[in-house]
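In this document, chain identifiers A, B, C, D and E correspond to the written order of the chains, with residue numbering beginning at 1 in each.
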Amino acid sequence: MDKIVVSNLDLFYGDQQALKTISLAMAEKSVTALIGPSGCGKSTFLRSLNRMQDLIPNVKILGQVRIDGQDIYADDTDVVLLRKRVGMVFQNPNPFPKSVFENVAYGPRIHGEADKKRLNEIVETSLHGAALWNEVKDRLHKSALGLSGGQQQRLCIARLLAVEPEILLMDEPTSALDPISTMKIEELIAELKNKYTIIIVTHNMYQASRVSDRTAFFLNGELIEEDVTSNLFTRPAMKKTEDYISGRFG
Amino acid sequence: MDKIVVSNLDLFYGDQQALKTISLAMAEKSVTALIGPSGCGKSTFLRSLNRMQDLIPNVKILGQVRIDGQDIYADDTDVVLLRKRVGMVFQNPNPFPKSVFENVAYGPRIHGEADKKRLNEIVETSLHGAALWNEVKDRLHKSALGLSGGQQQRLCIARLLAVEPEILLMDEPTSALDPISTMKIEELIAELKNKYTIIIVTHNMYQASRVSDRTAFFLNGELIEEDVTSNLFTRPAMKKTEDYISGRFG
Amino acid sequence: MHHRKAWVYFNDRLSRYLFISSAVLVSLIILCIIWFVGMQGFSTFRQVSVIDFFTSSKWSPDSGQFGALTFIAGSIGTTLMAIVIGGPLGLAGAVFLAEIAPPWMRAIMRPATDLFAGIPSVVYGYVGLTVIVGFIRKSTNSSTGYGVLAAGIVLAIMILPTVISLSEDALRSLPGTYNEASLALGATRWQTIHRVLVPAALPGILTAIILAMARAIGETMAVQMVIGNSPRLLSSLVSPTSTLTSNIVMEMGNTPFGSTWNNALFLMSFILLIIALVLIILVRTAVRKGAVR
Amino acid sequence: GCGQTAAPTTPTPSATTIDKKTISAAGSTALQPLVKIAADDFMAKNPGVQVNLSGGGSFTGLNNVASGSVDIGNSDVFVTDELKDKGLVDHQVAVAPFLIIVNKDVTLDNITKAQLSDIFTGKITNWKDVGGKDAKISIIGRAKSSGSRATIVKIVMDGKDFTDAAAAQDSTGNLITGVAQTPGSIGYIDAAYLKDTVKALKYNGVAFSADTVGNGQYPIYALEHMYTKGAATGTVKALLDYITSPEFQDKNVEKSGFVAINKLKK
Amino acid sequence: MKARHTDRFASIMLWLGALVIVGLLVAFLALILVRGLPYLNPDFFNGPDGVRGQLFNSFYLLALSLAFSLPVGLGAGIYLAEYAPKNKLTDLIRLSTESLATVPSIVFGLFGMIIFVNKLGLGFTILGGSATLALLNLPILVRVTEESLRAVPRSYREASLALGATMWQTLRKVILPTALPGLITGITLVAGRALGETAILIFTAGMNVSRIPFDVNPLAAGETLAVHLFAAKSNPLPGTNADQIADGTAALLIIMVIVFNLFLTIPSRWLQYRLLGKNRE
């Protein structure tokens, strides 16, 4: 069943068009990878799925994005609820200037969890989930800004897991991670797939082929091709895709 | 000839030790890769080579770092000159809130280049060098903050190339880049190696083996092993290194 | 090239020395003023007992009685009043401007707050005297309407621009990623504001509140017009009393420099400084304790 | 000399010459309006001369003239003991009478010394006790350091102190505003400042006028002084001479609500 | 759902707060302008009791006081934000700067009077007045400067220094331009205070104006509009239209502040544009 259906999505920054009539459907409990050269619009596309793009001035969006059949750009959409359901990990780690614990507890707290014990549990589980627990268990109450780049990124993933969204948008979640953390995150994705719908931007084609069911290739704001991952990497339909995959591009 | 010689370097954040008695020499016109799990101290090590760590309060540094035989932590070190000679690309892209052009022209300008024509040339060459020219040539005078993550990172590389340092410190320079830009940067590194001494932090072992002459493996603030890259990856001397490389770690 | 480099370094060094000497100069000036006020003030104690000065509310310089309790209580009272009213209102204004206001509203309100800052205190005092005092008299059934309430309201309005502009700047200079990160977790705008943005901007907001408080406790002309200036210990919010500043300005000009009376007024300025110091430290620790966790 | 600058109609006193181009006066705010008029006239008559004027209060004026930083110190009060030996010379330039004013809703027209004293000391707090309607009395006075207040204390209250319940204003203008808007209020001002927003009371049945002050029937007044350090000379003397000249005293002093100094019977 | 209601409620409260603030301001402006504007005719400026001297003095004093306090205040703020080691001494400086901001201006006035009027024997002058004003404004300038600089992200600093820029170059080309809006806020606050200050100036700059129109001699007497207004309110001279003078002056002061703010914002926009490059999004 299709969880997310995007139809004819156009997006403009001022008068520069960043997404050109994108149509794409993403199935429930599946992983979709977005690949493409830097600046082709992957982040932009991702951010328009939970209306993060609303925050940038001068952005114009045309077309439709339906989640569970509901147009998220309809006037009566509850954006807050939307964003709780559609969680996001950003390209650059962005922890709050709070303690490690408070960063992870933030989501549950705002959604009404006040019980100390439950919070402790959630924080621990989420940090385990993001493969960070061992490194921070002794400094839970120190500032998150003192973590290394990769630690910060995993913290952001833990923070997201703590709110248990239905859809996970991940913008290069492992680009700052070492292979071992990366592997753990990939394992996590494989596990989460059973419950969540996941869309992941990655520059690493091995990663795309390891974790995703389907892959979409973007170029210059256009969706060139979308297919089952193994097909796309072995028998791409389009010349441009082939060029990109084989590194013969540009 | 050894360009950089680090001996018995200890570094503390407050009372937490982040680097433990590191000794390491890096030869001129060579590429050294630093690998290791997230949080092991790679960035910290890199930042202590151009005294960027001076900017963080409560950091204590013991031991010696010699560049061309000169102790850079000596009292009479010219830190400004040091940093011009030892350029750095940061883990997270950090362009100035200025136009693309002004970002790249910044370095040459502060080092005295005022000639408009020369500046234009430098900016163009540097942007070419960082594989960014084509994407930004029409928006040179728009804000750099409107670039995509990968574009920002390449801009920072271009900005660095424009000052022509002797040593390049690169903290995961390609983690936000797509394979094609990555390839270009790797080619660039291969080319620059003829003139510069390069130290690169990377999580990508393929990258390490592709670009570097020697590789150093860090773990928990310690330097576990350092060797010719092909040796380290194929015949590591230490068990820990082997575990990490084969992904059997942790 | 070498020549230029020397020049760049010279500039760098020169600017550093200039900054250091500015800091030294400012420190010296501060020291001078504090020393001057302190010296002048402390010579009061040659004639007056320390205990009397702080514990008595009998201010009758002609008969040698210098009890400043009334003024101390008045100053603390009005300042707290001003902060209690003006602090939250100003902070609300700042949050509104930084996070909520549509552009057109911001375009009106931001310059408007700057204007507030430019209105002379005499005008505030006059509006207080003719509008607010009358209003209080009628609505509280006090006989004159002068008092801490009137002064507090006038001061609350006067400190608005300080609180608003400085807090708004602090909020605006936060990286956009905090906002994004919180909203992406499904936080409402208000949750984002009070759990992430305001705590993150706290140092700037604190500075705003402290400078506002400083302005409130040190404000003279406007307070003096609406406080009533009777040397009677604060007993109700709507009966005339005095503050340190109002009494200083009422009596400073007409008392001979060097006389005990005049010295006592300087001592009162010094006390003002001490009260401010204590309040500043209190605000800092209180807000830090309360919000960062 | 001043020959070429003196206006032909002005009989310039022979002993004075214009020496300094800029002179300054500071002090009493009560006297300031009068000095300001004099200074303006004087500058008009002597182009090139600048008279700098400031308020600050009587003692500020006395201090400044004693320390030599201004040429003239204006004061409502005689020089204080502390400054007695500084060689200050007194020039009395006007008489400042004081009025008792009340809010317009007060029905009284006259008040006696005893009643007033009882009100100000806080013994009487309701208008009905002095023949008015049943309403609370609010006193709005001046600060402890005020010359006006000192005069009232001395002449009306025989040295007794004001009640603590009295509110105070720093300046006559604000006092008038206060009395005008507060029902049942009473205060005192320099006669010069009377406005029709408040009502002036007769004192012991006598209304204030230049004549009643002159003949001693209206006793609430104070002398206004302009002090110099040592005998006045040059421009300073010329200015003081101008202020005390019959021409200025006749034309301006009474118009400004003061009483000419020579009207006073010693 | 509770969060949603709280959000709605908070939004309404914030809007209300904003409306109260704007309402207050509109009320103030209306009160002042409606009363005063009718009197603002040429005679009000050039007539016998005209205020053109006061008007000029207001700006002149403001300019001089900024000229004294800006370099030092900015310099000290920059030092505290960028150079100063973090220790007890700098904390002490910070603390005393803040508490100095509480000293009532009249004490500054007396301090200024003793220094400039008495000790240096200047008498009541524009120079003494503006120097004293500068003292009053220093603490605020220092604090605001430090705060604005601290708000600039560290990554800018790092990026610039890593390119081999000196601290001064980094400051001039990256940090100060980025902090400019905050600095402007500080200057506006300070300037507003300078334009509206009375207590200080009565004791240092005097209460009348030079007879020469637009006298730039810093040793001339310097009554400003605010002092003029104060004088008209507290000692309403008989025979003059004191109320009209006061109301007109108040209106003029407000207009002046508006003009000044414009003066400050337009060049500062331009300056930031210049310093940060053509930064159109």
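Criterion: contacts are C-beta pairs under 8 Å (C-beta built on N, C-alpha and C of every residue); 3 or more make two chains touch, one makes a residue touch a chain.
Note that this is a predicted model, so its numbers are computed, not measured.
**Q** Among the remaining chains, which ones contact both chain B and chain D?
**A** Under the touch definition, chain B and chain D have C, E as mutual neighbours.
**Q** Identify the chain pair joined by the greatest number of C-beta pairs in contact.
**A** C-E
**Q** How many Å are there between the centre of chain B and the centre of chain E, using C-alpha atoms for each centre?
**A** 46
**Q** How many Å are there between the centre of chain C and the centre of chain E, using C-alpha atoms for each centre?
**A** 15
**Q** Which whole number of Å gives the spacing of the CA centres of chain C and chain D?
**A** Computed value for the inter-centroid distance: 36 Å.
**Q** Please set out, as single numbers or ranges, the residues of chain E touching at least two other chains.
**A** Residue numbers touching two or more other chains: 3-4, 7, 166, 169, 203, 233, 281.
**Q** Could you check chain D for residues that touch two or more other chains and list them?
**A** 55-56, 60, 170, 174, in rising order.
**Q** Counting only residues that touch at least two other chains, what does the list for chain B look like?
**A** Within chain B, the residues that touch at least two other chains are 80, 92, 110, 146.
**Q** Give the pairs of chains that touch; include all such pairs.
**A** A-B, A-C, A-E, B-C, B-E, C-D, C-E, D-E
**Q** If you look only at chain C, which of its residues touch chain D in the complex?
**A** Against chain D, chain C makes touches at 59-62, 129-130, 133-134, 137, 143-146, 224-225, 228-232, 240, 246, 249-259.
**Q** What residues on chain E touch chain C, complex-wise?
**A** Within the complex, chain E touches chain C at residues 3-4, 6-7, 10-11, 13-15, 17-18, 20-22, 24-25, 28-29, 31-32, 71-76, 78-80, 82-84, 93, 95-108, 110-111, 114, 135, 138-140, 142-144, 147-148, 150-153, 166-169, 171, 181-182, 185, 188-189, 191-193, 195-199, 203, 226, 229-230, 233, 250, 253-254, 256-258, 260-261, 265.
**Q** Can you list the residues on chain B that touch chain C in the complex?
**A** It is residues 80, 110, 112 of chain B that touch chain C.
**Q** Write out the stretch or stretches of chain A touching chain E in their complex.
**A** Residues of chain A touching chain E: 14, 57-58, 78, 80, 110-112.
**Q** Would you pull the chain C residues touching chain E in the complex into a rising list?
**A** Answer in residue numbers: 8-9, 11-12, 14-16, 18-23, 25-27, 29-31, 33-34, 36-37, 89-90, 92-93, 95-97, 100-101, 105, 108-109, 111-123, 126-127, 131, 157, 160-162, 164-166, 169-170, 172-173, 175, 188-191, 193-194, 203-204, 207, 210-211, 213-215, 217-221, 244-245, 248-249, 252-253, 257, 266, 269, 272-277, 280-281.
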